[in-house]
Amino acid sequence: MKMKPKMKPKMKPKITERLRADADVIWKKIVEHPFVNELCAGDLPAKKFRFYVLQDYNYLMAMIRVLSILASKAPEFLIGEILEIAHMESTTELDAYEKLLNELDLSLNDAMNVKRMEASSAYANFLIATSSLKSFSEGLTAVLPCFWTYTEIAEAQRAKLKKNVNKIYVEWGSTYLSNDYVSLVDKIKSIVDRSCEQSSYKDLKTTFVTASKYELLFWDGAYKGPTK
Amino acid sequence: MKMKPKMKPKMKPKITERLRADADVIWKKIVEHPFVNELCAGDLPAKKFRFYVLQDYNYLMAMIRVLSILASKAPEFLIGEILEIAHMESTTELDAYEKLLNELDLSLNDAMNVKRMEASSAYANFLIATSSLKSFSEGLTAVLPCFWTYTEIAEAQRAKLKKNVNKIYVEWGSTYLSNDYVSLVDKIKSIVDRSCEQSSYKDLKTTFVTASKYELLFWDGAYKGPTK
Amino acid sequence: MKMKPKMKPKMKPKITERLRADADVIWKKIVEHPFVNELCAGDLPAKKFRFYVLQDYNYLMAMIRVLSILASKAPEFLIGEILEIAHMESTTELDAYEKLLNELDLSLNDAMNVKRMEASSAYANFLIATSSLKSFSEGLTAVLPCFWTYTEIAEAQRAKLKKNVNKIYVEWGSTYLSNDYVSLVDKIKSIVDRSCEQSSYKDLKTTFVTASKYELLFWDGAYKGPTK
Amino acid sequence: MKMKPKMKPKMKPKITERLRADADVIWKKIVEHPFVNELCAGDLPAKKFRFYVLQDYNYLMAMIRVLSILASKAPEFLIGEILEIAHMESTTELDAYEKLLNELDLSLNDAMNVKRMEASSAYANFLIATSSLKSFSEGLTAVLPCFWTYTEIAEAQRAKLKKNVNKIYVEWGSTYLSNDYVSLVDKIKSIVDRSCEQSSYKDLKTTFVTASKYELLFWDGAYKGPTK
């Protein structure tokens, strides 16, 4: 007797899965961006990498402000988790960042005084504006691509990273493959899934896609390097 | 020959010193408040202490939100310090709070579901409103009496605390005499002194005095206990 | 043949109707508050009315700030409507307020310099905190009782107002029976109904009930008059 | 006898004068921007003008939000003035804008649904971020170039506008020469001068120069027209 195949129960996709799917075109461009490709293959000019690292400072500072705004608006049971992330960015992450600067013979002071590229300012102001005027859920959705795209990049580039002999580039890439980093991304995704149920999906999508575009523009800007 | 006495150079008083002096009448009432006196002498009815501790929960949560708002607005070189305090409140401080609840046979859940006294809501909303609409400096000034009055209370009540045999009350009081706590207060005072120089002293004073009044109202409410 | 009675289609009640029902106990106390009863009957001591009017200034200023915050967060199609109300409060309403002060031989300057009663500060800070940290919908719900209770008061007191011979008191009461005022309240209610559909009803209810309690406390404070 | 020449008393320059001088290089580029030159001479391609006008919608909406944020934070004596400007933008200005759209055979709906150019989003988010996180004075300074550059443009292009036969372009330009518009700009400048005295000039300058750069980028984007 032929058995009827067991039907897999159709699960409603998670919000983060829908968002990811709806930004797929942009994410494909991010994951295979020339900057990322060359970095992971080991042949990115040092000058471009230094430019990118220096540009990251002001963005990181803005991200800490944004996570603080989100902590202030979070539902009570989430305040601690958001603050934990904000604090981690302003301690562990900032320390790692300074270490990377030093390996490149740069200082935190160099980073503070660098001329900001427009792609970084625009992205930072988009995040501050969104978290200030919109709901906690929409603000957190804005912040998600910044964390999440890096795991996808590192996954997609894993093979290249293995053959890469540039110690600093390999170190950079392996951060985003570490358990700690992957757990962090999973945590943020899970908070978004838990807290966005009452939000309009259309608004969340616009926010997520816009943030993803700014990620792409950041890579474009980094690859192009300093203007003038 | 009579020597002219050496003149002590007249130092401009620090802003925190001026604020403290201008709130002196209120602070005297706080430091010798019946609730505080009885607590430190050991004869405060357990019921009143439990009420006070339960009321503290919502205030603590609001304080964490307020410190997050302040971190988001802080001048760049202070973001990390403010976030450190916010994080400490939502980890170390919240753990200590839960431990105290447990010693009183209470749970965090009891605290979450307690009916808030008006003095606590009013104080919390004052802090949120001030940090949201006013400058970083004014917001931080609003937060100062909450931290600082406790060191003055513990100092003023040190003798009583020594003779006190109520273990829980003594533990409560000695927290605010610890080096850690005193350093925390010194740190916040020093941030206020460094960051308020451009602010109007009149505005800072109004904010500091109002916050001090709310501290006093909180003790009044705690001493009165639950209404109805 | 007996006809089955036509069933009235059961309409889902509007959010504002549910909120009103859930705050009914408090609203009954507001509508028949001694201050309101005596005012509408004409036998409220002039001293108490003057105190109430003077206290209104700081609350009105806070309300204008709150409506501005809400305009900044409003969905695009509602920005204009919210700003219209904010502007009306800071022009027409402030002019009417100054006229009333003058009829009582008081000036705007007197109102600016009056010692604020705690019930007014607490209410104002609750509104600022709610509109700053919560969603547009929740912030607008916080603001609703302030506008809406006055039409209910004026309706409930209509008979008394007719016999009242105190010109100033009658003028005060008839404002809230005017078509302009009733339309304004209907407009705000309709915006709440349109914009709160995605919000958690439980949160909206807490906000609406809390705001209603502060309305009651304001009347209590006004009736009690100046302390000390 | 030779008279000593009377010394003109040296006046401390106003803050707005210093800001204007410190942004001079950028303002020169704005005032003689190809878009502006061709518009005022009458030979700007209609397609470019339509693109510019359509792009203005989202910026105008953001500006209304920004002015609302500023009203919520304004010192008490300025709330009314700021709200007056916000209200004017959302009524008179929006009406004039819709009229202009209609003259170009466009509707408000077209403007709402247009794909935003990055220069407009970036500028809008910069203004929202600045007014949200910084002081009232710094927020108002951010807003100033948007209003003020238009009077300088219209002044500089006055001769060209006189010979211009394109009715719509002339109408556009003459708006910014009208007494109403010039008074509005003078009013905002005077509020900045009155309210920025306690602010750090360095911060104000950074804000003013950044806003001026975004004005320039907006014209660049408008001249370039739609991408792809």
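Letters are used for the chains, namely A, B, C and D, taken in the order the chains are written, and counting of residues starts over at 1 for each.
By definition in this document, a contact is a pair of C-beta atoms (placed from the backbone, for glycine too) under 8 Å apart; a residue touches a chain by one contact, two chains touch by 3 or more.
Since the structure is predicted, the reported quantities are computational estimates derived from the model, not experimental observations.
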Taking each chain's C-alpha mean as its centre, the one farthest from chain D:
B
Looking at A-D and B-D, which one has the bigger number of contacting C-beta pairs?
A-D
Interface numbering overlap (same over half, different under half) for chain A and chain B:
same
Between chain A and chain D, centroid-to-centroid distance (C-alpha), Å
34
Where the CA atoms of chain B average out and where those of chain D average out, how many Å apart are those spots?
45
Give the residues of chain A that touch two or more other chains, as numbers and ranges in rising order.
65, 72-73, 133
Counting only chain pairs that touch, give me the topology of the graph as line, ring, star, complete or other.
complete
Given the complex with chain A, which residues does chain C contribute to the contact?
72-73, 133-135, 198-200
Where on chain B does chain A make contact in their complex?
61, 64-66, 68-69, 71-73, 76, 79-80, 83-84, 86-87, 90-91, 94, 112
Interface residues, chain B side, partner chain C - complex
65, 118, 121-122, 124-126, 128-129, 132-133, 217
